[in-house]
Amino acid sequence: MAIIIDENTNVLVMGMTGRQGTFHTKQMLDYGTKIVAGTSPGKGGAVVEGIPAYNSVREACANHKIDASVVFVPAAGTKDAALESIEAGVGVVVVVTEGVPVHDEIEMVAYAKRRGAIVLGPNTFGIVSSGKCKMGIPPNKYFVEGPVGVVARSGTLTYEIVGNLTANGLGQTTVVGMGGDRVVGTTFIDVLQMFEKDPLTKAVVLIGEIGGNAEETASEYIKTMSKPVVGYIAGKSAPPGKRMGHAGAIIERGKGTFQGKVEALTAAGAKVATLPFEVPGLIKEMLGM
Amino acid sequence: MFEYMGKELFAKFGLPVPSGRMITNPEEAAAVAAEIGKPVVIKSQVLSGKRGKAGGIKFADTPEQAVAAAKEIFGMIIQGLPVERLLIEEKLKIDKELYMSITVDGAAKMPVLIASAHGGMDIEEVDEEFIIKQHIDPELGMHPFIARDVVRRMGIPLSGPHGKEIVKIIQTLYRIFKQKDAELVEINPLVFSDDKVIAADSKVTIDDDALFRQKDLPYVEERSATEKAAKDLGLSFVDLDGNIAVMANGAGITMGTLDTLQYYGGAAANFLDCGGGTGREATAEALKLLIAKNPKSMIINIFGGITRCDQVALAFKDIKESVGFPCPVVIRLVGTNQDLGREILAEVGVEAFDFMQDAAKKAVELAAQG
Amino acid sequence: MAIIIDENTNVLVMGMTGRQGTFHTKQMLDYGTKIVAGTSPGKGGAVVEGIPAYNSVREACANHKIDASVVFVPAAGTKDAALESIEAGVGVVVVVTEGVPVHDEIEMVAYAKRRGAIVLGPNTFGIVSSGKCKMGIPPNKYFVEGPVGVVARSGTLTYEIVGNLTANGLGQTTVVGMGGDRVVGTTFIDVLQMFEKDPLTKAVVLIGEIGGNAEETASEYIKTMSKPVVGYIAGKSAPPGKRMGHAGAIIERGKGTFQGKVEALTAAGAKVATLPFEVPGLIKEMLGM
Amino acid sequence: MFEYMGKELFAKFGLPVPSGRMITNPEEAAAVAAEIGKPVVIKSQVLSGKRGKAGGIKFADTPEQAVAAAKEIFGMIIQGLPVERLLIEEKLKIDKELYMSITVDGAAKMPVLIASAHGGMDIEEVDEEFIIKQHIDPELGMHPFIARDVVRRMGIPLSGPHGKEIVKIIQTLYRIFKQKDAELVEINPLVFSDDKVIAADSKVTIDDDALFRQKDLPYVEERSATEKAAKDLGLSFVDLDGNIAVMANGAGITMGTLDTLQYYGGAAANFLDCGGGTGREATAEALKLLIAKNPKSMIINIFGGITRCDQVALAFKDIKESVGFPCPVVIRLVGTNQDLGREILAEVGVEAFDFMQDAAKKAVELAAQG
């Protein structure tokens, strides 16, 4: 088991013939992802790594069963691509593209909600159900099967922590990237609920950062969870009013501080790691390993 | 965007603003004040609140007084920002001050209209009970009934001229917010002046990511020169106050690196996320930005995914062999092409760390020694 | 029992202080409708026939439980009023106003669908659950309780047929006006499904007219119904291309003809009356009375 | 809206249309043709299809030929409509003709885009398999991906210049449809002319009910004088060919009255729905419209709800006592204030019927006798 995607997920790559699309199609195939089709308007008929490209998602859907799509389309066309997948009935849409206008994000997230689709991102590294399916851009080698669910806002920090977990013998059920932007399709609480229900997930790592209040909201849910949660919050040393790379990572008007998030998580019964390398030890401690 | 630009935008959409004009030189104040023909207010144009408290807003009854006041304000430094432009406007008769803004609520994933009948101060200082927050369903959009209900909740009679005008202002403000890709449109204060309702101030922030389709908007560079240079390279750079220069790949891990430095008692001179897949040349340019910070030590923290360790190592070698580094450099290098990268580093006599915490600790020690 | 509204329905009158709103508030109260509040922006605090007016639907909802609203707001403001009711969570919105722009109709109907609200109209006479609740403008006297469900596009023709039914001892469970416009919130098939489920409704009268294909679509459903249906279609003698008063009543490009509708209904097992006065006889025949 | 008006609207929104101009007098044809400087097409501007078959479209190579052709077309009557305006346009090189329209689908309750690679004829004559129908979710709106998929389904390569242009045209057409409150926007044919895609014809129908907010649009009166007079009274009137004048209250019951007349072998001279709540004076005016039809008999069929029987009776009395009726009148009068109404009718010696079918039968008999 895993959440959101698994070995049976049929994946569509949007923007497959582009530089990023081509590179990651190969990487994802290497990981074992079941990619069945791609899109590239005007280039229907092309073949990338043995996978057929279509002119539209509908055309791809007419020829294949599509469960999930991963979007590598440039920012100006990302909204259109995401809406196209959702409109065609694709249930999971992973939007890797960064730099998507926030009004576009609002629009696609609202439409996804209406249609009951799961959107990860924009500006996400993607999602890996370890050993089963990878959608997005993480390096293949660190993601191995195991009992830990991971949910995060940012990519490399996640690889760092997942690398630590794996090095300490703790594999992952699913590693979910929500995206670093201010408005993203799926937030901590949505993913935590899925991990809570997933029988193979025994513990959860929440990798947050300053800005917004997603960690605080998630803490309310963590109180009710049966599974242990270890948190790490990046941005302790960031000054207010400075945006730390991610559109969402900014302390504005005294809100979204490191301290507030750590307190909320701690009050909810989660353990909070001070440095990334402490995460595996805390997981083992909470699981009594 | 400066206040006067926001007001020009407001006026273009039909929002009521005071009559006035921007000037870049104090002598112009006389002509503008004479043109207005009434007592005026002279407002420094800087990208910061708290201008009033800093003395950046003055009043004048005559053109002569206006020039004198303008001279005083020009050359002021307000919260570190030099005053280079003034806005001269008619001085409004203010019967009441309100607050009105629309921004993006990330948690709710939709726009939110924030309004209060108690304006004129920072909205954070207004009591919760006097603040109205109305989320806007993005698929439904803004409609008169929503605006009317907000006015009602503000305690302003819908039947009077003020109520009717605010209903229109709310709809226009949402139109600006949407059409101009704004992250924030704010009017504080929105004032009652006899029967009229006027936007006495404006704050408009446009989404950087949407500038490609908002080319007609005036753009104000809010970044430092270094930040701008990094942006042009496709990197994300923020100036900080410490003495350890930092480069890492990814916003989260860069923050994590800063935090780890702090944990060991150090302080970062900057935030530099060199992103994913940045190549040899851009990475070398990024290293130059770090050198320009004149740090006591430097840490490069790479967990290679798309980013290839060999490219980073080559960039490091390039700089070491050309400009050279003015301070000790600590490198943590793991991930894609790790072995290749380390071989290249070995050529220039550098050994990479395996773990971020060890590298950070070392960088702090070196900075303390420097 | 009845469909959509009954004696427990708490009704809000939008545009209550206007000429039409005031007149029909009294008429509806006289019929027994449980009107609890009205709206009239800027006139909150006014009282019409003993019923309090509010500035907005939300304000009304904060002071009363509202189940359904009836809209008497002029055409230019009708969309706004309907959206306001739907947004506030009102489950049934009866839009009497005629002359509403079709793009406004599309917008309000789409929003109602998303929010799960029932919209009747625009341009409807309303709805009467006989003896229990009337929303809209029909004359009070002809609507008495009984076993027949009636669904129609147009008003006076419905009164004519309901008058005939009542005169022949056939009262009605609910009489539903869908509205005469091209785009309306509820169509025959929606109402037929409700009548099929309503235990008190023993037979259904469908009063259609030329134009559109609602009667043809409904016929598909009538095939599956357990209850007898009698149809009457107005506009047999109307020439193609001429709009017969209702925006929807026009034979365009050979579609929406009288003949096609009668054939569809007949094929579905319904009896079609040639003239309005034949309806009661056909009902009695089909019910074996 | 005439073709040339539609094209002006198209051009304003950036849709490609042929260069050309409308004229109201054949002599102008020379100047326009000379200005265009190429072979031209001269098209009669009437609100009817089938102009080509009726001879209302001609070609000319020179300004002289253009004037001659214009003279021929002016004064033609096409499907009962006199030609008063011509559109003179460059004659396009036509490589392919397509069909494209957006209209309202009442059953689906949303807009529908209809497209076909087989244009130039009535869409009803095109085989179903070559017609693409794409409904537009009104809350989602039109997006490039929808347009691209339509182009793909039309069998037109997305990579070529035509495909890319049609994607833009579809989006613009939807913008016109929405912003201008159209019931129909149609381009037939949409032509390929070398690398270009051009709207060779236009048909735009604006929603009458939205004219209050579309005041800048040219308005073409499509009603007869009587229909227009009725509309001004707030009534709905349609001219028909029979000899029995009809007034009833409500669109459905008026149709029902027409049908009942037909059932008894009669034929209505008109459809007149005097609506709900129409008062004495407007009803009297409506009766004058019936008299103007010069019918053999007349039927007034009132089932009073909001409409009050006494008001109708008074209007009848007013007309009978002033202008008088030139033919027998049958009245069916039931509902609100029925007794009062019948008393008034009794004063002028008229007895009302209780049932519609009896009244209709009588009106048919009287018309047959007249």
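Just so it is clear, A, B, C and D label the chains in written order, and each chain counts residues from 1 on its own.
One rule holds in what follows: a contact is a pair of C-beta atoms (placed from the backbone, for glycine too) under 8 Å apart; a residue touches a chain by one contact, two chains touch by 3 or more.
As the structure is a prediction and not an experimental result, all values here were calculated from the model.
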item	value
Pair joined by more contacting C-beta pairs (C-D or A-D)	C-D
From subunit A, the most remote chain by mean C-alpha position	D
Distance from the mean Cα position of subunit D to that of subunit C, given in whole angstrom	27
Computed distance of Cα centres, subunit C from subunit A, in Å	48
Averaged-CA centre spacing for the pair subunit D and subunit A, given as whole angstrom	54
Touching two or more other chains - residue numbers and ranges from subunit D	137, 139-140
For subunit C, residues that touch 2 or more chains besides their own	111, 114
In the complex with subunit B, residue positions of subunit A that touch it	75-76, 99-107, 109-111, 113-114, 125, 137-139, 152-160, 163, 180, 182-185, 187, 207, 209-210, 212-214, 217, 234-239, 242-249, 253-254, 274-277
Of all residues in subunit B, those that touch subunit C in their complex	137, 139-140, 143-146, 148-149, 152, 157-159, 163
Parts of subunit A lying in touch with subunit D, wherever the complex brings them together	41-44, 55-59, 77, 79-81, 83-84, 87, 111, 114
Complex interface listing, subunit D residues touching subunit C	104, 106-107, 109-111, 122, 124, 137-139, 178, 181, 183, 207, 209-210, 212-213, 236, 238, 240-241, 248-256, 258-263, 267-268, 271, 273, 276, 303-306, 334-336, 355-357
